[in-house]
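Note that the chains are named A, B, C, D, E and F in the order they appear, and that numbering of residues resets to 1 at the start of each chain.
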Amino acid sequence: MRILVVNVNTTQSITDAIGKQAADAASPGTEIVPLTPLFGAESVEGNYESYLAAVAVMETVRAHSEPFDAVIQAGYGEHGREGLQELLDVPVVDITEAAASTAQFLGRSYSVVTTLDRTVPLIEERLAVAGLSARCASVRASGLAVLELEQDEQAAVDAITEQAARAVEEDRAEVICLGCGGMAGLAERVVERTGVPVVDGVAAAVTIAESLVRLGLSTSKVRTYARPRPKQILNWPWHTG
Amino acid sequence: MRILVVNVNTTQSITDAIGKQAADAASPGTEIVPLTPLFGAESVEGNYESYLAAVAVMETVRAHSEPFDAVIQAGYGEHGREGLQELLDVPVVDITEAAASTAQFLGRSYSVVTTLDRTVPLIEERLAVAGLSARCASVRASGLAVLELEQDEQAAVDAITEQAARAVEEDRAEVICLGCGGMAGLAERVVERTGVPVVDGVAAAVTIAESLVRLGLSTSKVRTYARPRPKQILNWPWHTG
Amino acid sequence: MRILVVNVNTTQSITDAIGKQAADAASPGTEIVPLTPLFGAESVEGNYESYLAAVAVMETVRAHSEPFDAVIQAGYGEHGREGLQELLDVPVVDITEAAASTAQFLGRSYSVVTTLDRTVPLIEERLAVAGLSARCASVRASGLAVLELEQDEQAAVDAITEQAARAVEEDRAEVICLGCGGMAGLAERVVERTGVPVVDGVAAAVTIAESLVRLGLSTSKVRTYARPRPKQILNWPWHTG
Amino acid sequence: MRILVVNVNTTQSITDAIGKQAADAASPGTEIVPLTPLFGAESVEGNYESYLAAVAVMETVRAHSEPFDAVIQAGYGEHGREGLQELLDVPVVDITEAAASTAQFLGRSYSVVTTLDRTVPLIEERLAVAGLSARCASVRASGLAVLELEQDEQAAVDAITEQAARAVEEDRAEVICLGCGGMAGLAERVVERTGVPVVDGVAAAVTIAESLVRLGLSTSKVRTYARPRPKQILNWPWHTG
Amino acid sequence: MRILVVNVNTTQSITDAIGKQAADAASPGTEIVPLTPLFGAESVEGNYESYLAAVAVMETVRAHSEPFDAVIQAGYGEHGREGLQELLDVPVVDITEAAASTAQFLGRSYSVVTTLDRTVPLIEERLAVAGLSARCASVRASGLAVLELEQDEQAAVDAITEQAARAVEEDRAEVICLGCGGMAGLAERVVERTGVPVVDGVAAAVTIAESLVRLGLSTSKVRTYARPRPKQILNWPWHTG
Amino acid sequence: MRILVVNVNTTQSITDAIGKQAADAASPGTEIVPLTPLFGAESVEGNYESYLAAVAVMETVRAHSEPFDAVIQAGYGEHGREGLQELLDVPVVDITEAAASTAQFLGRSYSVVTTLDRTVPLIEERLAVAGLSARCASVRASGLAVLELEQDEQAAVDAITEQAARAVEEDRAEVICLGCGGMAGLAERVVERTGVPVVDGVAAAVTIAESLVRLGLSTSKVRTYARPRPKQILNWPWHTG
């Protein structure tokens, strides 16, 4: 089967890292197709950028000419999953939800550790919309921006590990979801420091997407995610009718 | 003061109707500037169209060259208000939230009556995100699409009035919020049939925007709605740097 | 239009301060009529005093012989607003609810800073009853009694500012509602210290009352706030039959 | 021990009926002292009357010159219990809460059947304030006023039994709390018709008050229900300083 | 009347202590019958042991050959109460729920202080299932195991008192429920240190069981707690058909 | 990998059906080992039977002498998953939670259709404990007992399909979880009738267990699901010490 894994940032190196994480988690026979959005911010860290990414991911998937069996939206706390579900007949999996859903099988409560403080509310709201808040102990920020993670990886790993440890000790989290990716050894360091399972959203999403495809399940079209009605879309360069 | 009232649909006649409602509710000395989005769907009735509208409203406001004191996003249950709050220093008021907030001063519970069944979940989620769900008795759909409202106004008024009456009788609503607009006599008919106050979101939003401006209050910039960080935005024709 | 602004305390100097705040926020053409309750505690700081104030405010308004267009109950966290809504045909606005409702348009979460610790539960319960708790980050007490606020204003301002700052930093509030009033320069000091918008309940209530009157909206009489049924009221000196 | 059972209505026949219910439930050695409020409405069916009753009950208890060991507030869904807890050192039990609390030991969910539709919101809010809503299946109204219950007892029994049956069948209640009292054979009829346990609030409150006294427990004075601070209370005839 | 008080641990000295607490709280004329489970863990401190205790308590009660009027399950945060309710026609009272329910009559919020950290989630979940979470301020652990409580009573009293004090000061609890028993002077010490009422679950349960019996109330058999259907139970030595 | 799939009923034909469903969903290379509990009820339909099954499943797994990589508890709404998580180092997946978690990726809300009305509360509580209630539209009963499903399959399919259709139409479910299994053609019929995706809990659990094993994730041992402490277990024939 072929799974599109769509980055929300337009930075290619992040797409590469996400693609590698996805491929590592995929079963034999699954082809991972990493995609960079056709337009948008180099890194997504707030509502304006997130809404733009939502639309960009949708158009990037619509413009993809090869067939595919599932789509993963690889951004933590971003908008847009509902729109993809409307547009597509194949399953759509958001990594924020995939991580939380997986974490709930591993412990009584989980925390998310992410980048900047300003993205905490976005993640909290996406978890609430998805019905995954009840066992969320906290969403914590390391204080480092997305692009800083790539620049000083050691500092990033330290800051994230520190917040993960506080989530376990102060917030009583029993599982940690990493709300930022692509760093060598990050998960291992957090496991070492906290002693709790660490869930990577991209890897979790790959297994969920594969499972849905294998079970022959896809998005319900009965109401919320019914196909868009035929409409005139004005002045929109990506519109393909 | 000058208030931008931004339609989410690209249909000019809807912008005209919204502009009229807003002007009717405005205080002397308030100038209402109705805007049609630069791009997007002729009518917004689902997630894809709503996400597109979110971005279109933001870019339309950013492209507006005259100064203004507040912005109203005039779409029921649409995405995007958080992004506008990030981009602007002036107050932003969403009509879904304005109507609910106003209704809560008038009765113990309120219901929303809207167009298609598929927009019910969008409205419910926007109310939940805004913290305005606790006294929402129900969101009900008339079954008529946005553009049908204009075509057979009498049928629309009948269908909406019927759902409003059921909200009062079956769901114990004490106030009705109209989640669709521009129809002559609609509010009056609903008041007549149900005996409860009827809130029009556009009118409510105008008074709230005026009040915030008069009180010298605007969006908190301390965390969630802080200005976007300087970023490269790729391939985005509306980007103005 | 004429708006009654009813103090809950029987201390005239507080009525004067509230009247001034209300007049400052009022539109041209709005007449503010500040009222001191006919009976009750010099300052309201607990349930017994609050229930007494509830009844006193209602009787004070009923005994008012001039016509009026709206009523504001100017006590933070006090009982009674529902009773006023039953008795009157004009809109009733409680300042606790007005402040919270306004704050929700300005940031993702708000905190209230009030006087004594014992009034915290009263405020929390009024916000819960009003359906305004979901985005309340915290209610914090400065530890100073209502009448102490007038005696050492500088100490009061310091104590309140300190709690506001902790609300923003520790509780992640993005807006502060002042649950105690009448101090020169208080709002400015809190804005300066915290960098977040500060909402004064009296001012917010004035704009909301004006808006409801202008929109022709008033309390729903369909169920919860229907007029009291004709009844014998025994031994009640304020009963006017 | 001696327990005051305070009616909220000023109608003596209701006090008599409540006193009888209480005495029937009391242990040997418990003296029940039924009290009619010093002032207030002949029957309490709405917010104005309920706030007045809250204050009347407090003053009636304060004016009682004999010693007592506990107080029961015998009104369904009425305000005021928090004020009594402040004023007194002995335990205070509200019958709405007593019934719900007892019902929770008998089944997974309970419904309340009360008099008029307009009292439903009062009961719902008192249960919410008391933290007893989670297992409340519904609050239903028979449509009969308090004083009508006495006039045509058979019609009252029929109307209440009908609503109880619907609560069990439609709302999945497993226990019924009677939110109106004093009718011969009512509980028996409801048990017969529904097959579920029926809780009378007055009887439940008596056993709870007795239990608290026997266990040597009374209201916590640490914060919410601390004694009122010394204050001037103006123009209040019942003030005893 | 005769009340069975069933320990969840198979340690006889704990049964003795529980029996004594129950007898001290019982009315004249109530016979307390303390029972040790027929099988299970010497002390219950986790899910496996708690599920085993649930079944053991049920079989111990079923095997009891004398008649009885009510059953108390005397384990804090343990599973099984629902099963007992199914099997029996007499009232069943769990001490976790009895303590919380009683605490709610004494203050606006309560905390539970228990033994090991790992039992905190069990207690939280039992309170949630019982609909008694809304006013629970916190569940705190002293860090001492059940059997350690007996070995160094002074250390136990100190550790528990310390957590109780923090619950009152940091979590704003107004009442403390002791989630571990049998220590001389424990309740007194906690009252002394915190100034708030302290509820012992066994004593509270005795008064509630007595009250239900006296009121002629027992478990609703209409749905959740209907008698088990006739079934074959395989290989189960305690099955008595 | 080898996955134990443990029936909660002691009826072998149900174990066979569950084993077949699991094997059909398993990846190549996964060995499914269906197990019948060592003791317990022929069918589990209530709390007593469910608690007994909880213990039986735990002992059956503990007594299993071959190594295994994950365990699935194949009972809808049954107790015990937390105990298994304590006892084991490999992942544990409950089918009730697996179905709900999978359904949440397919639509905005889901309903469960199960057997008898009395099992509805058990399922609701297990979903609440697992934090999976927020998007649960309803749990509906077909009215047929577990063993009746095998006897008249056509009647069972009809009754279940009918409830599924009502869940979609009346409760606004967008996905159906089948809370009863082993019937040929059931899922197909429900899909046909309702047009929404249908999730089988056993199949969903197999893919989740496989995913957790592949990702190298297992139960957090930091608090709630830490290994039981060494203890004496008295008179328990299955204790292996």
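In this text, contacts are C-beta pairs under 8 Å (C-beta built on N, C-alpha and C of every residue); 3 or more make two chains touch, one makes a residue touch a chain.
To keep track of the chains, here are their UniProt names: A, B, C, D, E, F = Hydantoin racemase.
Keep in mind that this is a model prediction, so the values were computed, not measured.
Peer 1: Following contacts chain by chain, what is the lowest number of steps it takes to reach chain F (Hydantoin racemase) starting at chain E (Hydantoin racemase)?
Peer 2: Contact-graph shortest path, chain E (Hydantoin racemase) to chain F (Hydantoin racemase), evaluates to 1.
Peer 1: From the C-alpha centres, identify the chain that is farthest from chain A (Hydantoin racemase).
Peer 2: Chain centre farthest from chain A (Hydantoin racemase)'s centre: D.
Peer 1: So which of A-F, B-C or A-B is the twin of E-F, meaning more than half of its contact pairs are the same residue numbers?
Peer 2: Most of the contact pairs in E-F are shared with A-B.
Peer 1: Round to the nearest whole Å and give the separation of the Cα centres of chain C (Hydantoin racemase) and chain F (Hydantoin racemase).
Peer 2: Roughly 53 Å separates the two chain centres.
Peer 1: At what distance in angstrom does the C-alpha mean of chain D (Hydantoin racemase) lie from that of chain B (Hydantoin racemase)?
Peer 2: So the centroids are 44 Å from each other.
Peer 1: Give me the residue numbers in chain E (Hydantoin racemase) that touch at least two other chains, ranges are fine.
Peer 2: 108, 121, 223-225
Peer 1: Can you tell me, using the touch rule above, whether these chains form a line, ring, star, complete graph or other shape?
Peer 2: Its topology is that of a ring.
Peer 1: Reading around the ring from chain E (Hydantoin racemase) and passing chain F (Hydantoin racemase) first, what chain order results?
Peer 2: With chain E (Hydantoin racemase) as the starting chain and chain F (Hydantoin racemase) following, the sequence is E, F, A, B, C, D.
Peer 1: Residues of chain D (Hydantoin racemase) touching chain E (Hydantoin racemase) in their complex?
Peer 2: 25, 27, 91, 93, 97, 101-102, 104-108, 130-135, 168, 172, 174-175, 194-197, 199, 203-204, 207-208, 210-212, 214-215, 217-225
Peer 1: What residues on chain E (Hydantoin racemase) touch chain F (Hydantoin racemase), complex-wise?
Peer 2: 10, 38-43, 45-52, 54-55, 58, 79-80, 82-83, 85-87, 117-118, 120-121, 125, 128-129, 145, 223-226, 228-229, 231-237
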